[in-house]
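The two complexes that follow have subunit A in common; it is paired with subunit B in the first and with subunit C in the second.
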Partner chain A sequence: MHEAHNFIYNFPFFCIILTMVGGVVMPFIRNGWIAQKINMGIIAAVGGMNVAVLCQLMVDGGKTVTYMMGHFPAPFGNEIRFGPMEAIMALCFCLVMGMSILGGLKDIYHDVRKGKQNLYFLMINLLLCSLLALIYTNDMFTGYVFIEINTIAACAIVMSKDSGETIVATIRYLIMSLLGSGLFLMGISMLYGITGHLLMVPLKDSIGDLVTSGQYAIPLTVIIGLISLGVAIKSALYPFHSWLPGAHGSATTSSSAILSGLVLKGYIILLIKVIYRVVTPEVMAELQITNVLLVFGVVGMIMGSVRALKERHIKRMIAYSSVAQIGYIFMGIGLGSTVGIMAACFHILSHAFTKPMLFCSAGALVDASGHNYDFKKLRGSALKNPLAGIAFTVGGLSMIGIPLMAGFPSKLYFSTGAIQGDWFRLGVVLTALAISTVLNALYYLPAIINMWTPKKSQEASHGHDHGDAHGAHDAHGGDAHGHAEELANVEDHEDEHEEVHEKPRITVSFVVSMVIFLASNFALGIFYQPLMNIIEQGISVL
Partner chain B sequence: MGNFIMNHYYEITAVILFGIGFISLLLHSNLIKKIVGLNIMDTAIYLFLASRGFIHGRVAPLLIGTTVPEDGVYINPIPAGLVLTGIVVSVSVTAFSLALTQRLYKKYHTLNLDEILLLAKKEVSK
Partner chain C sequence: MNNSTNRPQKPWEKFARWVNGDSTPEDSVLRRDEFPDGRKRVAQPEKMIDGTAVGRIRRFRKFYLAASVVICCLFIALMLYTVSEMPPYGAVDVPTNNEVAEKYIMDGVTETGATNIVAGMILDYRAFDTLGESTVLFIAIMSVVLLLRKDKEYVNDEEDLRILEEQRIQEQKPNVALKTVAFIMIPFIFLFGIYVILNGHISPGGGFSGGAILGAGLILYANSFGFTKLRKFFNFKVFTAFTSGPLLVYAGLKTYSFFTGANHLYSIIGPGTPGMILSAGIILPLNICVGMIVACTMFGFYALFSKGEI
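Coming up: the complex of A and B.
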């Protein structure tokens, strides 16, 4: 508990306020292009401020700073509290947010109605604001309020495409989210009822007292269960994932990328903070909640991949893969050890850098193949847009866990965490990791091979079929012949239509976004040790 | 047991209401009923907070006159503040879901979510 004297320690609060003000300003900027530029400026400024905060924290020896809002002391005031872990999470979230928008910029202008595009960026600002607040807050009820803001903003960026499909997906997402936040709020209310605190630090003390005195044992279990369940529903842990493929699969490219990469993680970071700052891992283990999370996580890892295997819609396949990855993160939390949580935090980052890259490149590939989402029809699309192809390949291999890429160190640390546990956990986790890796390979590799295979052979057989059909028509004489000519004309038109998409216009923003995503993916995969040290330091002072 | 119920009837009512709201939000296929369920669920939480926050024989922390009364007279004002914040949140969420429902009704001419899902699936497969 250090008093904040350094000016830089005001920055987390400035970040939250800046994004919120940015959101309020957006409706007055009619032009979507200008709105996007302002939005990128805000994201860059917030990212820069987080770099400063991280550097200052590391210079000061990796401590945690408590920032009292308005200098009101504990029972009445609201607090922001941040250490190295929060700073690095916020920094990465800003980076991923900016790159996701750049990567799907073409689709935003295509999918969102003209004149409403500024409102899309309003929602992006609110989303970033609520994510930062979830990362930085030290107050349970503030956490709840920003969870709701996050929900509304996330639903709004799903429905921005404004087709029947996305509105249906949004309402399903909204209903499940509201169930989750209702449970979370009930948990907080009960917690306040038995402890009389909402700030995390006094809560920890009074929960410690309750546990040692043995009072309120059942309510405490119920409360932690409610909070965990609420977070699990909102971050799509396996049996509660039903809303995810629709919402992530039908939204516009950037929305899918941001939802998968960031929104799901914001809640998990809050849960990790609750575990460390409020409940303490020992109490979690004592109440058996870590074991429950471990089981759900392991089931999610496998079932998410199995469902992804069956999927033919490319974006829904990537969405199901997110379900599996959320399973990984909950498994890390469920290990109950520090290494497990470290692995979970690292996986949050590696997934945050990989999944948006997959969604953005998939969006570009779909664009290159004439807006076809079917897996089979994407054949050869990577040859038309090689950069997107490379990004998808790297993303897929990273998800499988090939060394040098971001997915590998997280699997390494999950295994390390498992080895430190007892024999039962070791067996379960290593088996699940092995099965899940094979399943990941089973659906990513065919997709990658498919999109790099030239279309030639298929087209040849296609043409042959048509030739036969023409022959049959000729046999029928004049009328039929005319019909055949018509058919041929139609075919020509279709060819022309395809040729329009033959050379997709690769925009500068897409190139920038993909290059940065690729670079950070390899950076995470190769130089993971410094990042891991920061996370370890951050967790030790959390 | 009877004594326990008599002493905690507010909390018990709140939890029962929460369950009713939760189940209707989860299981009803009519969108309006779902939203009503959401409101019942939220109201149950406010009942819980308000009842936990009130202590018999104490007054709201307002200074009347100039004499400062001794400790133990006032009620902690934070639960009331939480209820107010919660009401604001639930109003905005309700408005958002009603707007979505209206859009869906204009598009599909039904409020039944199961039917809407079927119609949307057909639309996509076309």
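Coming up: the complex of A and C.
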């Protein structure tokens, strides 16, 4: 642990303040287009600053830096603290955030009401601010405050697509998310009760003393359980996932991408920091909490995929796949070894780069097939928008774990982590990995085959009845909203609509986003070793 | 939906249909009966009238009630047991009575200049958390604006008629008692709110409590004299300026303070003479900022939920 001396070490603080100010000025900017440009500029600036921080940290030998927020040192004032792990996470989060916005830009302008688009970008800026603060914080209560911001912003970007479906999904999401926050807050306040500290470094010392003296053993177990449970609910670990498919499946494309790629992971990164900086992995293992997380993770890996298998709504299928991937991450944490945590961190990144690509490409494919979410209607959509088709294919294959793509190294490291453990864990984890991989293939491959198969001309355009046409409107309520005079005609035009839009307009921002996502996916899949070295270095000084 | 589902199929055909996405398994996709503009959804008979489906929902409801009661009882028992194991509240030798609390009490006044130690703690020692909390208020009110504020492009005639009717009734019935009391009370309420905010660093109170008083005054004014009268000096533009502006000032002031603190630079902000109105560094301006945000948030919630407009 070192004090900040270099000017570059001010950057993480600047990142948090810049994104916050960027969010706060948004109500003054009435035009959604200008708001989007400002938002993009802020994301680029924050990304650039994080590159500088990462480089400086690596030049200084991969150390951790403590940055005092104010004039008062550790146990009295607030602090942020960052090392290579935090810097690389923040950098990737900025990149994914920017690309998710670009990839779904067309849908944002389409789904969010014109007068309120600036508020959408306000939420995006504050969401980035809270994610950065969760990554950098060295204080439990600061973590909680920014969890609150994160919760509200995440719900707001779901409901910004104004339809009944999203409102119902948002209410579910809000209730579950607040339950998670509440459990986390109870954990923190009880932790303060038995230690008298809120900053992570003094907390670690007091907990070490408590464990050696055997004092307050039961409250300590309950506290760690509450904190883990709160994080598990907020990041949709399997039995607590019920809010996720609705929220991620019904939101606008960019929101789905950001929610699944980043918001779920922010909490997990905080949990990893709590495990390493506050509780220590040894205490976690001693209290059997790692084993519980392992079991839940393994169940989630399989059940998430089984639910995805039954799903015929493309975005909900991708959302259930997220449940399975969160299971992978918790399984990595549950292994309790450093390799397990490293694999979990790598999987956070690989999933953060893959899932937004899937959501953005699925959004474009849905657009290409006349705003239908059913697999049946999506048939042949990849031929209309080949770039989106390629991105979806690569994303799906990456999720399955085909070599050269981002999903492969994380599965490799999960297996490595399992081999280092005892025989029981080895058996459980490898079996779960095998089953989950097969299940992943079972739902991604049919989807991919389906969208590359040309449509049978007659059946496709006249095969559906009015029930289906309404289903299509239902899924796309934001479109119908407000255009009262058009509504009567929409049903009749539905069939022509599909025929006319043979070639959907592919925007430049979408191409940029997809190309960068594809490139980073292959980069993660092929050149994963340097990244793993940074993560390993980061965890060793966490 | 599909006519072809009725005839028997070979397994291979079934698989091909599944790959093509033609077979649709029953699932609990979120259901919605009405579109936002009032258009009714066409009922899907096989899902809604289906006896087993309705029965399943009923059984699930019973299970849900029983399970929630059991889980709540278990959780309450666990919490009671845990609290009984915790250090006793208010005792002398508990872990919370440590060097942190001691320093806040012993050195708080000299280091921050605020005789109200709580103000010193939340706006100087742990100012970053309070900046986050103010942002929580800001983002909460902005998400309500995003959800509820009426749009000029998407008007809802029925809703507008209802509000006009309410206004007409309000004007017909001159509520003399309310108006007279409010006329006398409101200046004092505002004065008291401002007093609590300005003396936040000297006496108990501060931005959060004073802002709540101001917000209550605004709500009382809107209720007794009507929103149209209030909008003459407090419209959406003023509201935006009074919500975003103070937060920007807060962020700016604290950026300076954090930057000088972290880099061990000389800061022009000193604690001043404790007990004076112009003392305690930037705690006074921060209290004013927090007060404005809290007042706007309180009034904003009330106005948006009742009228959909500020």
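Here is the rule we go by: the second predicted complex is superposed on the first by the 501 of 542 C-alpha atoms of A that agree within 3 Å, B and C clash if a C-alpha of one lies under 4 Å from a C-alpha of the other, contacts with A are read in each partner's own complex, and residues count from 1 in each chain.
Keep this in mind: a residue touches a chain if its C-beta (ideal position, glycine included) is under 8 Å from a C-beta of that chain, and two chains touch if they have at least 3 such contacts.
Keep in mind it's a predicted model, so treat the numbers as computed, not measured.
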Practice item. Have a look at where A:K455 lands relative to subunit B and subunit C in the superposition and call it first, second, both or neither. Key: neither
Review point. Once the shared chain is lined up, is A:D374 touching subunit B (first), subunit C (second), both, or neither of them?
Key: second
Practice item. Look at A:G77 in the shared chain and tell me whether it touches subunit B only, subunit C only, both, or neither; answer first, second, both or neither. Key: second
Practice item. Could you tell me if A:V25 is touching subunit B, subunit C, both of them or neither one (first, second, both, neither)? Key: second
Practice item. Could you say whether A:S189 touches subunit B, subunit C, both of them, or neither, answering first, second, both or neither? Key: first
**Study point:** subunit B versus subunit C, judged by how many residues of subunit A each one touches
**Key:** C
**Study point:** Which superposed partner A:V145 touches (first subunit B, second subunit C, both, neither)
**Key:** both
**Study point:** Footprint overlap on subunit A, comparing subunit B with subunit C
**Key:** 75-76, 141, 145, 148, 152, 155-156, 159, 164-165, 168, 190, 192-193, 196
Study note, to complete from the structure: Interface with subunit A, subunit B side, in the complex: residues 18, 21-22, 25-26, 31, 34, 38, 41-42, 45, 48-49, 52, 76, 78-79, 82, 85-86, 89, 92-93, 96-97, 100-101, 103-104, 107-108, 113, 116-117, 119-120, 123-124
Review point. Residues of subunit A touching subunit B in their complex?
Key: 75-76, 141, 144-145, 148, 151-152, 155-156, 159, 164-165, 167-168, 170-172, 174-175, 178-179, 182-183, 185-186, 189-190, 192-193, 196, 198
Review point. What part of subunit C is in contact with subunit A in the complex they form?
Key: 1, 18-22, 24-25, 27, 29-30, 32, 34-37, 39, 41-42, 44, 78, 81-82, 85-87, 94-101, 103-104, 111, 124-129, 131-133, 135-136, 138-140, 142-143, 145-147, 149, 151-154, 240, 243-244, 247-248, 251, 255, 257-263, 267
Check your understanding: Okay, in this complex, where on subunit A does subunit C touch?
Key -> 4, 10, 13, 17, 20-21, 23-25, 27-28, 67-72, 75-78, 113-116, 119-120, 122-123, 126, 129, 133, 139, 141-142, 145-146, 148-149, 152-153, 155-156, 159-160, 162-165, 168-169, 190, 192-197, 206, 216, 218-219, 222, 246, 250, 310-313, 316, 374-379, 446, 449-450, 453, 464-468, 470, 473-474, 477, 480-482, 484, 487
